[in-house]
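What follows is a group of structures, each given as structure tokens.
Two complexes come next, and they have one chain in common, chain A, joined by chain B in the first and chain C in the second.
The block that comes next holds the complex of A and B.
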């Protein structure tokens, strides 16, 4: 099955991966170029390197995008949206892979990544919300997932800092969190430790030979070639020039803002708390060091990364509605990033229509959660010539019958997108 | 009259000021040391230098305090508080001095300072606020000050971006603004241009000889001496060790937070707009470059300079209540500073109880407004041996009969002050 969805010549020959774990001579041609050094790109590079491939990662500012702004929730259940059920299996697979992935990464990098198996509570603002949570509870149980309904009193007992008027909560004990910034730093160190080459440069254009991608032209004029290039530039994935139309399904930026608060004294929260306050979703993710990440806005604003005052206001309003005490915390940082959204909100993992180019883009709200499964899927494709079964439903080929509109190969024109701020969750 | 309130030996001999405008040899003993390089300290240094004195200013981080966080309103009328009427004459005197002060400063520094004679509107949230504005209108007219009442429709016509539900406004056409950061930069340049010596060092202790201040001991162990020292360290004025008890009236820090928003396109506002929203005062000060300064919290929090999430929330909430469109602006900066509050909220300008030490502290909400009158008063005292009449009511001697409690010579212990955030205006 996985082999069937691979266009001929899209991946490197598996034979190469069977070779010794040589780093390759300095300056020599790598087996793989990865464009983008966020958590996805670095995850792919690290895992591919562990499979014996030589890898060069190209990024002018590693980890400065969505990997930095994210809150790091690992929440297949509490992040579930109606209509996104196909994603659930992939999200669950990645969540289950996290403990092993983290253990290997902490060993490889020599640093901790702040993986907290703290569980998540979804608070109900009123009785209508509580009814909605009961529906999700039933749905989760039908899938065999662990959830629990908490009364108002049980919620107050578990989270004494929560607001007194909340109607109750849904507990998702298997929805955890990781410190995405520590995760990114550990991936960088692991890549360096394993011999991945990191090139702090901007990719400007695709190098093509016939109908095949053979490398990247960099901003300084350098040309970098390899048998295969993995595209992992998140929302910026459409910004490298020269790809034939239709190769890259539309990936559009969805702006998200998160706040970093800092509390002193005893922790306000010991698990992730989220909820919908008068229609506005909000979450609070407490770190081990007393910080709380609050998120997130969801705005169709093109590539505009400026923090919007109204979004900061709404996040603080809704976070205080769930946990009044956050008003006394220090506002340490306002951060904005761009979620890379595909036409169906699911990632694009695997071969593109053009030989020599693999995609690892479009992770939208789930980039941190999906890092292990994406990294292993692409590393498997590179090393074995086949995608693992669990990723088979998420290849870019699913858009091949959708006509040109969905496969224009460019992100949506930000002038054409209505600038209508809405609120939704970001990862 | 001014001479009468001067303790013997408190000022330098006026004879020195009559000398040539020599800069003094490098490293030589200056006529005056100014501790503190905020707008007050630099204003004093510049004007004293123009009177022919050699001046050294000591500050580890010039302009990083309240001068940086302030909004720069020059608003004797709209800033008027019941019980602070004695201040009004001084505030008016300084406001009237501003055009000349700015012209001389721009000439001396070669830079513009963003002095905008834009007027101020005080919006009424509801009919009760409108009744309060009528009272102020009557009071202002009794003092001969220009004010005008605007109906709801007149307010909307003057400020189309204002919220639709506001009840009306009071126009204070003579309450203006200056860009306090440009003002501070210009004062720095003017000081350098005129030959003031700027020493980037922290003052740690007072040097005393007998009952007289003779200089400052710096953090690196250096001792700096001069016939007279002017203390202008704002809220930190009590932090230099070694002054006998009772010399410095209590100056306590009152934390203020301001926001810098940035708008694009046509300006949202063309005059200062302020108001009280459900009991919370808020102001919006539009700069010529499209920025809007929003302020200010008023918190008794000791020397804690961390931005408080709840204060940012309240400022954004109340600013949007007056001008909904600010929600779409970029939140560029959150800034916190400490207002130096004296026991009666009025500044301390003039001789201290100890010879060799002059005070220019305690300006609370009015530091930017009071810079010209304070600078000229202290320069006059230094050069002529006498305070100008307008400053006579604000010498530290007014607390001499108030007993030891008010004159402990130390700021309030921040542990002892109840940490109760309230809202009030900052300058």
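The block that comes next holds the complex of A and C.
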């Protein structure tokens, strides 16, 4: 699909990308403001800066949200659900970008990010789970994806620490992991190194002129203006006041808890192991340093960040059911974050209904995985005026004002791409 | 075929299919399933639903125009279940509650002692109580006696999709019920829903069979058709089962050449 949107900020001319990489004097008006310094916001800022744009990022506590709590699984296949083939395509596109993205980021930041191409095994707790994995295996193969079914013996051979009663596993050799905290730290360093301005401030309200967004009002009263603002505040994206109703499709917080365990001695696991224990999903992500990230609860609890005792119990219970030796590890940390969930679980990437405002929100369970493709898509839109094809199906235009899927989804997408007036503008 | 109203506690419901909302991969998928099912009432877990944030399950249900029936899923004691029902009444402004008191995580079977106790207390507090119960005719009778507005026996344990394991017990419950009987839990596919209705149940409540299907909206439509087919069949009166064949076309007056 040809994607030929002029960026809402018409002042951002594509020619800038080829021009001088001027940093812009401190305090001067940037080309782009990014609200939110999680992995998505920083990814966008870094890539936009590499395209020659001057960028200011606003966040009172960079990386304190879902980017911190996440486990860093890069798992298009083991997150695959029936009916989510479009999201799979985007997830795959981002996974394929990861090696290059990491190489460039490590060069730009001078730090390593813990990208481990370790593969993932999805263990079956019982024979019914195994039957479910066989179905997923068939589904994955029909989509041309690489998976392999393992018998219980093959699973034990690959993961000697796994529990003896597991019924088998599905291997997803291309599902990898990254240390999300190292990734976030590296993005911060890369942004600083490339000349992105980081403002440790909270955005309180949108600045509007006529029908367009022209900047953000900060908590200390200062006003920051730019031709384009990119919203990347995750679950908190709806908390900045002043947008007309309906501009932001509903993105709701889905609470997730993860645990960080520390093991000593030979590693318990050398690949990501996940499974569903008596109906409760759990994963174990082994880091290179011996830590294991165990996750994750999934709770519809609003903006509640308090760790819940039962969630910790359930995660440890189920992790031990898959890998009994986990019980001996040191419990180092319990962390809680809010996943930004859109109605269809897929992100919102691209122009909003209001000029001057781009969205990079709603990444739900896949924010770390989708960082490269989102960053490149938004940077491409900012620098070239066009959204790359792979992101075209994920523009916010697929939702109507109520937040539900537009009935004529294709038509809505096409309208956005051609930037014609939408139904709502005409009304 | 018309004039077959389904009422609980004097409230008429537009569909004999009630949907649970657990297990759907996304709100959009759940919404599509609700619309395809034609249901008039969805049950939501008070412990798993967010009543405070825009864009939550409740907003979606409001948009669909369905009634919200709060449930006490996850409660293990009468005490917890009563507190949860009271919370639901305050948050959702309804005194209807699907009462669920689970004995253990392995079977998710109702704990009959805690259930009866909680039901008694909630009825006394003025709730319209719809208890999720075992397929035990005696327990169903006791729940009616203490004032429950319906009884909702399981076909099989929650999420198993094993269908109706003791059809005879369901028939016994139906035979002496003076309140609506809703077959709740265990449905795997549309024929299970049809069977429940053929056995005389007034309605079917299901979740996983739809929300965990590969195509939830299509399965929701299948369940709606199954419920309708089973209801029609139950009202139409089935033929007796016979050991020997009985020709369907007349054998007398056959022409002889």
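Simple rule for what comes next: the second predicted complex is superposed on the first by the 382 of 427 C-alpha atoms of A that agree within 3 Å, B and C clash if a C-alpha of one lies under 4 Å from a C-alpha of the other, contacts with A are read in each partner's own complex, and residues count from 1 in each chain.
Operating definition for what follows: contacts are C-beta pairs under 8 Å (C-beta built on N, C-alpha and C of every residue); 3 or more make two chains touch, one makes a residue touch a chain.
All of these numbers come straight from a predicted model, not from anything done at the bench.
A.B. asks: Which holds for A:209: it touches chain B only (first), chain C only (second), both, or neither?
C.D. replies: neither
A.B. asks: Would you check which partner chain A:316 touches, where first means chain B only, second means chain C only, and both and neither mean what they say?
C.D. replies: In the superposed model, A:316 contacts chain B only, not chain C.
A.B. asks: Applying the touch criterion given at the start, work out whether A:146 contacts chain B, chain C, both or neither, answering first, second, both or neither.
C.D. replies: In the superposition, A:146 touches no partner, neither chain B nor chain C.
A.B. asks: Could you tell me if A:328 is touching chain B, chain C, both of them or neither one (first, second, both, neither)?
C.D. replies: first
A.B. asks: Tell me which partner A:307 touches in the superposition: chain B (first), chain C (second), both or neither.
C.D. replies: first
A.B. asks: Which of the two partners, first being chain B and second being chain C, lies in contact with A:261: first, second, both, or neither?
C.D. replies: In the superposition, A:261 touches chain B alone.
A.B. asks: Of the residues on chain A, which ones does chain B touch that chain C also touches?
C.D. replies: none
A.B. asks: Quick one: which bits of chain C touch chain A in the complex? Just the residue numbers, please.
C.D. replies: 25-29, 31, 48-57, 59-60, 63, 105-106, 159, 214-216
A.B. asks: Can you list the residues on chain B that touch chain A in the complex?
C.D. replies: 259, 261-262, 306-310, 312-313, 316-317, 320, 326-332, 334
A.B. asks: Which residues of chain A touch chain C once you look at their complex with the stated criterion?
C.D. replies: Spelled out, the residues of chain A in touch with chain C are 81-84, 135, 238, 250-253, 278-279, 299-303, 341, 343-345, 402-405.
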